[in-house]
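Should a chain be cited, it is by its letter among A, B, C, D and E, assigned in written order, with residues numbered from 1 in that chain.
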């Protein structure tokens, strides 16, 4: 199958030049490599020269339990249609990552957004510290796992107050408020992993 | 002072007095100019309009005067402009290096003007012509740049030589220096030569295409009052000479039947049209308000040429009326800009904005002036443009008409630009605190000129009646006017009725306006910005490259005249450098002196 | 004289009522063209009176003064407009140039007031309006020159009567090229697409109108309706042979205005320099050719 | 030289969507410009982490307002890849019908939207009338006009209604095809519009690669059929015949032209879909009765679909729980919307600013999220 | 005897009569401000165009807040939008009305827990009519406008008066959510 060939060539290409921590073939159109932080730039320029000219996506994942951020770069080649995910872990306490602007000029705003939502610094990108989407933001970056938007919202934006009505269920009065509370704690449980 | 000679001597002597006084106290010297020019204007107007001027000469040699309606017309108008502008002198005198000289030159020019208009001898005319050229030449560098005075000098000398050649040619054919008889006697091919030479002189003085290059430079760089003088007064010398050449001289050349005019005149009309288009097009793209008005002066000069070359009563009376209307309107406009410049030290539109809120009277003066310049009723400019259109349409000159229409609408474009960029728009922070309305003495002439603008537009028949007597003098059919109406070749105009209807219309609109709910006053910065916040007034003021889209269309083509003159100047400079190495110093004044000396020696033989 | 003035204002009022109702009807027609039901025929009246009833804002005295001057100037212009041969306020004074230049007072008032609001969009809009004017006026005036030269009068009723006396030989037929040019110029004058550059909501947010609301906007709407009345009836008188009685006038007026609207509604709008280029290319040439043919050669059908 | 600052949006008739473009202007040429996004920011990626995989179905269509179905499909495909779900065949065909109907609707809207900046409102009204018909079909199929929540992980929510909807759709498509020439005459063949859109707002090939523009913008410049549907076919796109229209010169006109040509291809695809669609189930049940507690295996996947503006992708990370650990959305207009406006809008005239945004296909909700 | 008819009316009553006449015009000619704050704006084009044709009711889109009568808050409001919305609302000329679209304006809707979206619109600016739904159908949008017209007729659409009277309360709420309403930073010089 022609498209599976693409994946194997990529694997050869990448493993020849870079030490890959972990590699994963998701399907015939997608591969994922986890590399060290320092290898990212090298790998990206290799891939760009090999034809992966388009930066499709750049973002981060907050692995709060490992105290690490994972940066994800997804590049794409239209001639050999395979999406390549390049992932690397960086320290969560002082997150910095050198910019990839010289390789992919299109990364400018992705990096700026990653700074805004995760607090990752991108030295080399002049405008990465400017605010982009948020305005007058005064809390920790919102996409970090330890930021609770619900609490933020409750504190800043009051809810509409409905009359504390009751529902008749099987003859006994039950408070809607209590039910709502119950539901909320249940959902919070689910967020933390759910009952397996 | 009914005697022209005494008036002339008085002006010259008071010029010297003003100089001496000015050495001690410049301001007093400049106040003297107000008084003297006031007296000159008053005498000319009072005695001239009653035809009581005395032309007897007893003290000055070689000079003789004659009192014609044409002379009185121009004399009163130009001395009036001088009088009005002189009110500005005390306020600007501090800005010049040679304060005392200014007053002297100012009065010398005035004296020259009297001489030019009232003489009946061509040599005398030439002498005074040169007096005006000299004195105005030294007025110009009082501003900023010396280079422009060189340009002015160059074109003036060209015009002077043309005038001189015309005079000498005429004299050699007819044996007389007398203006009227001389111009009527000259005939044949010589008539054509005289015609061309006179028109060259007129074009050089009027700043018409293709001899327009100096005008915008001079008008931009000379001091603000001098600019007004040039535009309202000195430029009209050219118009005067154009009248001599186009109207007094019997026309010659091939007669085009379908247009009912001579080919020579038609060519002139085309040149006038080119002047109109060139002036309009250039004025649209200027950033400096003074330069913009300078190009508008050029364009209006084109109107005068077109009108005078038509030769019909509507055309010539329209041209003469346009001389009045434009003198008043453009002086007012220049004075208003000058008043702003005095407060802000700049006339660049991109640096100004929102002056309306601090200088409302100046704004109104400017508004009325530009309504007149754009030829919109009920101001004077409308009457003259209407007459000129009558003349043009009656002759069926399609291309000339296209140019006049273009200039007429185009003037609307360029005069609006200073209005919007300089007076309207956001009030810039640097002018919010410091700027005040102009002093009352400066407002006096501006208000008088504005009133005159309205009067000439609402009740023009009085002036037109005077122009009619002038037309009799020039052997042209009179314009058909009644007390309130002007009857053109294809329509009747009632300016007063238009004004009344306009007033009534505004009154009705006003009634509608005040009977409705009162509006809420908001700040200028509280404005629609697509819901974005902005705090910098400068960023919200549209004044740079105002007419960018239309400028882009003709931008590649505008520099051909400039290139031509620059190349010419380079050639002259090469020759000049050689001469200069031996004789001249770097000062243009000295050079002028030498050249004039040479001319004077050459002329000596002819005079005696 | 008093009677004449009253007739004049009567004409202005008539023009306002006529154009406003016709405007509403035209909105309905356009609605049908766009597969819609369309508004009520008197919607324009509702809009104007609604605006007049609102509490507006003002940016200073000039903002108000300009609006008053605009409306006043236009009312004054309308008073000179002949409706039919006999309904004319000031016979013999209905000079063509009055309309061209007195309308400009109103325009100047509006332009001044708009720029006085301090909004850059307004200034840009005014700039575009003036540039458009420069574009369409020159070809139009050349055609007018031809007509005045042919008829020997610049009086509007005079020109209309000239056509009627010539056996209803309208200038529309006699000067076909000139008619085409003038029709384009009329579209420019009325600010219809494709020459609608100075309103251009998507570019400069309705241009000069950007800061107006409430009574100022209402007055400008009245002004606009009267302006349209003046321009369209000018066209009717110049090219369609005027009107012997009011019915014919209404018919011709409605036909011209509806035609302009229908044509304009399937077009987009030009950029401002394209407007200038457009008018200075073919229409100017056609106008000059027409003028040469009619004036110098005397070939008039 | 003093500059003037003008704004396009958020409250501006020329701006579709809620975003502001700040422009520094000299004369009428834009000298500097940038997009100020974030006015539609709702914290989507955070919100998705707080909802379970099934709950998210109601949230995702709202990411991109004008074109909700691509979100549903991209999300569903991501989840299916993670959970290794096999979608029934009929569901794949129905998905394609929905996607292509949506594509026609958004192209019509964009084409009608061309009437806004250029002032041809008749075009806009006609295009919206047809779009409204398509919304009517959606309502009959899914019960909603705009946010359908129809494509769910494991198939589609329910089968097509049994009221002859296929015939109605075919009728409408034939009607649309018949009026195709009329549309062209009213729009891009219209001389006044041509004057506006021809040879303006160029997008050279280098710029495409520099910014990472995809979709019609890319195809109009590079002259190659770079379409996800062709290159990495999802659903059953490899079993239908269609062309990808391309051009080698990308000005505003050619981009709009490609949109119209894509409408024709979409019509072709829908016809084939209705023809080839088998009977059968439309959904695999996930965690019967316990869908709220349904967990998805650990993993990370990036799923893409071809939207009307280009490559639209979801990056999804699951840590094996009921909720996604991280969802990242790659908006198709992200490159041209932010970097494109900053780098390549200067030099345009203010007349063309709205057209720039329109024909480049900048959609602010997917930039802000 | 003759003047009794007029003398009975006080100035206040005359004003009210005028106001009623004005109300007739206002409700038949509602010009709305096109400010697409959120997703509900997508159902406005169908309402405006051929299918439902708002112009029948005399409604039409307008370019700037100065000209408009109705402010349509179409959907959720992020903080960034709310600032601009308040600014826009204050620029409109009186009397002015607000129609809130979708559940988001009522109670935050699906974004009730978002860090960037406010929950209850009428704490910040007064709302005359709510159109519920996510997103509201075109029919209900039209119905909302008809409701607004009825409210104007019954003199109940007086949110703008409320805003004037309780300005302090509104300003305080705005400040709590937004800090300063007008911001001045590198993007807004």
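We adopt the following convention: a contact is a pair of C-beta atoms (placed from the backbone, for glycine too) under 8 Å apart; a residue touches a chain by one contact, two chains touch by 3 or more.
The structure displayed is predicted, hence computed values, not measured ones.
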**OP:** Any chance you could name the chains that touch chain A and chain D both?
**Re:** E
**OP:** Please state, in steps, how far chain C lies from chain B along the shortest route of touching chains.
**Re:** 1
Original post:
When the mean CA coordinate of each chain is compared with the mean CA coordinate of the whole protein, which chain is closest?
Top reply: C
Original post:
Most C-beta contact pairs, which chains?
Top reply: B-C
**OP:** With chain centres taken as the means of their Cα atoms, state the distance from chain B to chain E in Å.
**Re:** 57
Original post:
What is the distance in Å between the mean C-alpha positions of chain C and chain D?
Top reply: 44
Subject >> Approximate Å spacing (C-alpha centroids) for the pair chain A, chain E >> reply: 38
Subject >> Between chain E and chain C, distance of the C-alpha-averaged centres to the nearest whole Å >> reply: 36
Original post:
For chain D, what residues touch not just one other chain but two or more?
Top reply: 4-5, 10-13, 22, 28, 36, 38, 41, 43, 46-47, 50, 125-126, 129, 349, 368
Original post:
Could you say which residues in chain B touch two or more other chains, in rising order?
Top reply: 520, 528, 530-532, 534, 536, 539-542, 546, 549
Subject >> Contacts with two or more other chains, residues of chain E listed in rising order >> reply: 35, 49-50, 63-66, 80, 83-84, 88, 91, 93-94, 113-117, 183, 189
Subject >> Pairs of chains in contact (touch as defined earlier), listed by label >> reply: A-D, A-E, B-C, B-D, B-E, C-D, C-E, D-E
**OP:** Spell out the part of chain C that touches chain D in their complex, as residue ranges.
**Re:** 33-36, 120-121, 124, 193-194, 196-197, 200-206, 265-272, 274
Subject >> Complex interface listing, chain C residues touching chain E >> reply: 27, 31, 34-40, 43, 46-47, 49-50, 53-57, 201, 205-206, 209-214, 217
Original post:
Taking the complex as given, what residues does chain C use to touch chain B?
Top reply: 5, 8-9, 52-60, 62, 64, 67-76, 79-80, 90, 92-93, 95-98, 101-102, 104-105, 108, 111-112, 115-121, 123-124, 126-128, 130-131, 133-134, 137-138, 141-142, 145, 148-149, 151-155, 205, 210-211, 214-216, 218-219, 271-273, 276-277, 284, 288, 291-292, 295-296
Original post:
Within the complex, which stretch of chain D touches chain C?
Top reply: 4, 6, 12-14, 28, 115-123, 125-126, 129, 186, 190, 192-193, 195-196, 349-354
Original post:
Touching chain D in the complex: which residues of chain E?
Top reply: 33-39, 41-43, 45-46, 48-51, 61, 63-65, 76, 78, 80-81, 84, 88, 110-111, 113-117, 134-135, 137-138, 187, 189
